[in-house]
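Structures for review follow.
Heads up, the next two complexes both have subunit A, just with different partners, subunit B and then subunit C.
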Partner chain A sequence: MVLALLVLPVVLFVVLIFLWPVARFLALSVDNSDMSGNLPRTIVALSQDVPESGLPSEAVFVALVEDLAAAKRAGREGVLAQLVNQRLVGTRFLIIKTAKDAADGKLDMRPVRESLIDRHSGWSNPALWQELSRQKGAFTDYYLLNSVDLMRGEDNAIASVPPDRAVFLDVLLRTIWISAVVTVLCALLALPLAQAIVSAPPTWSRLMFALVLFPLWTSLLVRTVIWIIVLQRNGPVNATLMGLGIVGEPLNLVYTRFSLYVAMVQVLLPMMVLSIVAVMRRVPATYMRAALSLGASWLTAWRRVQLPLILPGILSGGAIVFVFSLGYYITPTLVGGPTDQMVSSYIAFYTNNTLNWGLGAALSLQLLLILLMFAFLFLTANAILKRRTAA
Partner chain B sequence: MNADVFRKWLMYGYSALLLSFIILPLLIVVPMSLTSSNSLAFPTPGYSLRWYEELWIDQRWPNALWNSLVIALSTTLLSCVLGIPAAIGLAWGNFPGKKVIYAIIAAPLVVPVVIVGVAAFSFFATLGLVGSKLSIILTHTAMAVPVMLTTVVASLSTFDRTLVRAAASLGAGTMRTFFKVILPLIAPGVVTGAIVAFIISFDEVVVASFLSVGNERTLPRMIFSGVRESVSPAIAAVAVLLILFSAILLALIGWLQVRSQRMRMRVVA
Partner chain C sequence: MKTYLRTISAMALALSASTLVASAADPITVVGWGGTWDKAYKDGVWDKYTEQTGTPIIQEEWAGEVAKVRAQVQAGNVTYDVVSVEAPAMEIGCAEGLFLPLTPDVTGDPQNYLPGTLHECGVASDTWATIMTYNTNVFKDGTGPKTWADFWDVEKFPGKRGLYSQAQFTLENALMADGVKGEDMYKVLSTPEGVDRAFAMLDKLKPNVVWWSTTTQGIQNLDSGEVVMSDAFNARITNEVVQEKKPYTIVWDAGFFYGTDFWAVVKGAPREKEGVDLLKWFSIPENQAGFSKLYAYGTGRKEAAALIPAEWAANLPTSDEHIKFATAYDNDFWTENKEALEERFKAWQAK
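After this line comes the complex of A and B, so read on.
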């Protein structure tokens, strides 16, 4: 089949350049090979160990020193220190220094356990050993649990993280909340405008449509930057408010939840208008007139006749706006304050700034799942709606 | 009937208000960018072109523009090369798994761009390609190809396939049929798709900020990192230039659509 061969290059391209990198990145959310691969002997020794007085026995310490020496020689001690530090803050230098001493042969004095603790007292911390004894294989659920504010507590049971470290559920709920508010605002604002576009004379209708479409052609970044300029302390909005005597001194409008909503609504509104107009154009104007001539008030006619007919348009517009909002990054980063950041910003933060790729990947997986779940919900709702109108 | 008139004016008044909310911010930066002062303020204290001049003097901005143009044009070209044959295959072919193929190709539209950026960064880091234009071009192409494909598939839906057989019966080879018969007829769709692909790449900032460093920075990347420090009049000037640029591209697409409509009318007549 020659025609199928024409499609092959693009499919291979997308799989290789897009799907494979994304899948590989998402797999980091359960990957533990950097931890288990660098502590093979310690993990085996720990699994056979019967701990006394909270600390493991001599054999485990011997294995640890061997592992760390090997890691240092392979140049992997930095990665290992980073990973352990993610789980137990403040252990980075302990690992790096111990690895250096181990490689230099300074920890060969028997018993290793006492000489190691003597040199680096951090190793007497039972919490550290508990953490290490949890590292079993090539996979871990640590990051996935962490991304929903859970952890493995005593006896390996799943428990909530301490309140001061519980941030991600808040971020997730905030992301969904911001997206929902933006979607509802867009729908409410777009409905009358769409109605005006559909019922206006052709020339006006075309002009209004072009004005709605125009922002879609300017970049998201430029539109976001413009809101910073417009809403800043000595920007046009504050100048107008002060000129009219509404406020005495400039308001802090930018870098707030307010500016985030304003910018996101302006950016996403055209999509909502587009999908409502597309459906509205197919509804004959005679339906409304019929309802009115039968004595319904305008509001009743609109609510009972027009609204049900254009509901699919609102729904598909809502789906687009909502799903787009969930993944927003640029706009919250630039015009939002610290408490307005959404999941995407945290993904960027953990991969860029703290190099915690596992957590970044777990948050990405979470975002993708939420997104797919909502997309599925919207599709189902649309299907139900279609069946009902068909019946 | 008085209530009807009132409602009508209410609707138009509201629309005017909402449309100015959409459009006015894009217009108001124009006078603001022409400021003669060192910072952005409204009303503008005095007018000059100094910030536009600044953009030319500061080597980094023309350099970033050049990077963006090279990347966007390469992305457009690669999207055409990959997208047009695939569109023909999908529009005319009759093979199983079409739905799966569409799903695979559309995936880059659904995945949040931060995830794309991070994934591309880790992927190209293992290949040692981070910081190269090639890595950005390849990722942008994956993001632009679905759009390219849909516009070409749409323009193929009105294409009369007997023309291909006619060309073959007159002795034209596959390549000749493609370039002399198919391509001219689907050209409006291809050009629209190409412009959209260009815009996707030219405006893209997240992938570019993960993958571009130093001298390889693209224009959006420069704006993004600039804004995080301070919003200077130079950035307002760049924003104005970019808005002008999209206005030109939009006009171009409008002109193309009118032209293709006229062409179709001529064929019918």
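After this line comes the complex of A and C, so read on.
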């Protein structure tokens, strides 16, 4: 009971400050209420309508004018206009101006259909009505489909988006690939370093350990921006290469995949080293010595004795580095080029820049699912490993 | 428990006391574009207002997202009083009733404004331009690019180019490089073929582009030699040249586009009335000229131009010397097409 009370603040904090807002944002990926909630009468009228000459009948137009007038009075027509314009470009002012006229009672003349089209000819566009007739309920799969380069085409069938807009699957694969490469590079660099830290005499060991930790206490931003300065055209790396006569003219090092890998590995390496060192410290040095004295070469001894014992450390380090990498945003933005951007950068773009929060949420959901999937994979691998060592 | 309660109530008291004090001082929250722009406004305009009226101004920074204002108005919790917005956002915000309409007794006679600098709901805060600039240490003695076609010509003018990482500005520049004149720009860009044509031009330059997304980054790329030429906002380049003595020149006659940002009062703002007073004061030519004197962007009132020293006025996009090479950004076009084109641009960049 007391324990429950003690834990309560933490649980409340996590739920209120973290889980609830995240869930709210993710819900936006299927939310259509700003569309359906502002066009209730139109949606009902459209569902019962038999279109004449490509356009809906009078009843639908009457419903539309009522809906838009209500939206204007509630101050919701701007959101509606933005959403419609997202789906069919060039309709923003049509909605805003029609809503204003509707609220001012300028669209009451019968027949409403003709007088509305007369005043705002945009309403004679069948494509617009096709979009509106798709808005059936409070939920939509528009954003989720969009986030995997799909859309609803003619007859509501699922189709691929045009190639000039298809980008998210590429970005998703790229994100996983970059994270995997960074994880492998970190592991390769961390293994000898961790071995050195563990095997060195205490003073040296402590010094090396501190050197690994120092970068962790430095701001991520600083560690990233430093690489722009180091790798730029007139930076020290290029100056050295030119000075030694290795290259004739400066290399393009920054704003490339190369600079992204360098910066990400540098930022994430301490995580891997810490995980491996923690496990390595628990492995008695006598094991290796025993293997060597029994005639194994150093490499064989390391591979057959040391490596299996520290594998859990590599695995947990790998999980941390990989999962961190998946969500990387600042580093790719600053030191990567446009073809090195990862999912997070698109989430930020849609959330802040074009205010397409539905798509931002759908991409976030995608990232979260990938993350959970890999977390599950790592946990399973770890469990298998444990069972094998126990057996 | 008792001490806990006492602490809480003491804190609550302190909090309410501090809100009381805050409302006694009553500053106006003015939201601008940050950085050197905000500083020029503070030094050239707002400090003078505080001096004359005793009303302090709090400056906040944003990226002009009209959705932020909309969210505040809908939630009935407006924290911004006066904001500077780009023209397309002005159109949307005014049409939606997020901004207060301004009468001529606030803004003064509309006839005294330069075209496009007065809006039903706002007065121009600044008229900016996106120009071409290059490093005169790389291209010496006038051997630099003279047209946007030159900017695209990597054979004749080798080196990387900086371009602003967004569709607006970049598509226009690409079409200028393809020979489209300013006055025909939006006729071309309004057709799907025109947009494809702009992207086809960008395809050609893509391997030689270093994209920038903040002005500081763009200038850093010029400084470090990462790029030899770039597009840029004119005032930032003028600042670098005049104050930091950097070797850049602006190629005005290559053609450039300009746009206007507006000051608007948010409807239902806590200091709505004072916000209108502030804009009334700002509409006096002497007061608004304070900004252009420090920052090479134009203002709305025609009379303000005469108050700026001729030597400095020559740096403004609206100067007689420059305006003949200029075309205005089409606000209607960008209001409707912004999101779609920015999304396509982002997808194009990623390939």
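Points to keep in mind about this one:
Everything that follows uses one rule, which is that the second predicted complex is superposed on the first by the 369 of 391 C-alpha atoms of A that agree within 3 Å, B and C clash if a C-alpha of one lies under 4 Å from a C-alpha of the other, contacts with A are read in each partner's own complex, and residues count from 1 in each chain.
Here is the rule we go by: contacts are C-beta pairs under 8 Å (C-beta built on N, C-alpha and C of every residue); 3 or more make two chains touch, one makes a residue touch a chain.
Note that this is a predicted model, so its numbers are computed, not measured.
When the shared chain is aligned, subunit B and subunit C each come close enough to touch A:Gly235.
Contacts of A:Asn353 after superposition: subunit C is touched, whereas subunit B is not reached. When the two complexes are overlaid, the chain among subunit B and subunit C that reaches more residues of subunit A is B.
Of the two partner chains, subunit B is the only one that A:Ala196 touches; subunit C does not reach it.
Of the two partner chains placed by the overlay, only subunit B lies in contact with A:Trp298; subunit C stays clear of it. Shared-chain residue A:Arg119: touches no atom of subunit B or subunit C. Residue contacts after overlaying the shared chain place A:Gly75 against subunit C, while subunit B stays out of touching range.
Of the two partner chains, subunit C is the only one touched by A:Val171; subunit B is not. Touch criterion not met for A:Arg134: it reaches neither subunit B nor subunit C. Shared interface residues of subunit A (contacting subunit B in one complex, subunit C in the other): 228-229, 232, 234-235, 352.
Subunit A meets subunit C in the complex at residues 75-79, 81-82, 85-86, 89-93, 96-97, 100, 164-167, 170-171, 228-229, 232-235, 252, 254-255, 333, 337-339, 341, 346, 349-350, 352-356. For subunit A in complex with subunit B, the residues that touch the partner chain are 1, 3-7, 9-11, 13-15, 17-22, 24-26, 28, 189, 192-193, 195-197, 199-200, 208, 211-215, 217-223, 225-230, 232, 234-236, 239, 266, 269-270, 298, 323, 326-327, 329-330, 334, 344-345, 347-348, 351-352, 357, 360, 364, 367-368, 371, 375. Interface residues of subunit B, counted against subunit A in their complex, comprise 3-4, 7, 11-12, 14-15, 18-19, 21-23, 25-26, 28-29, 32, 39-43, 82-83, 85-86, 88-90, 92-95, 101, 104-105, 107-108, 110-124, 138-139, 141-142, 145, 149, 199, 202-203, 205-206, 210, 220, 223-224, 227-228, 231, 235-236, 239, 242-243, 246-247, 249-250.
Residues of subunit C touching subunit A in their complex: 63, 65-67, 70, 73-74, 91-92, 95-98, 160, 165, 199, 210-211, 213, 220, 224-226, 332, 335-340, 342-344, 346-351.
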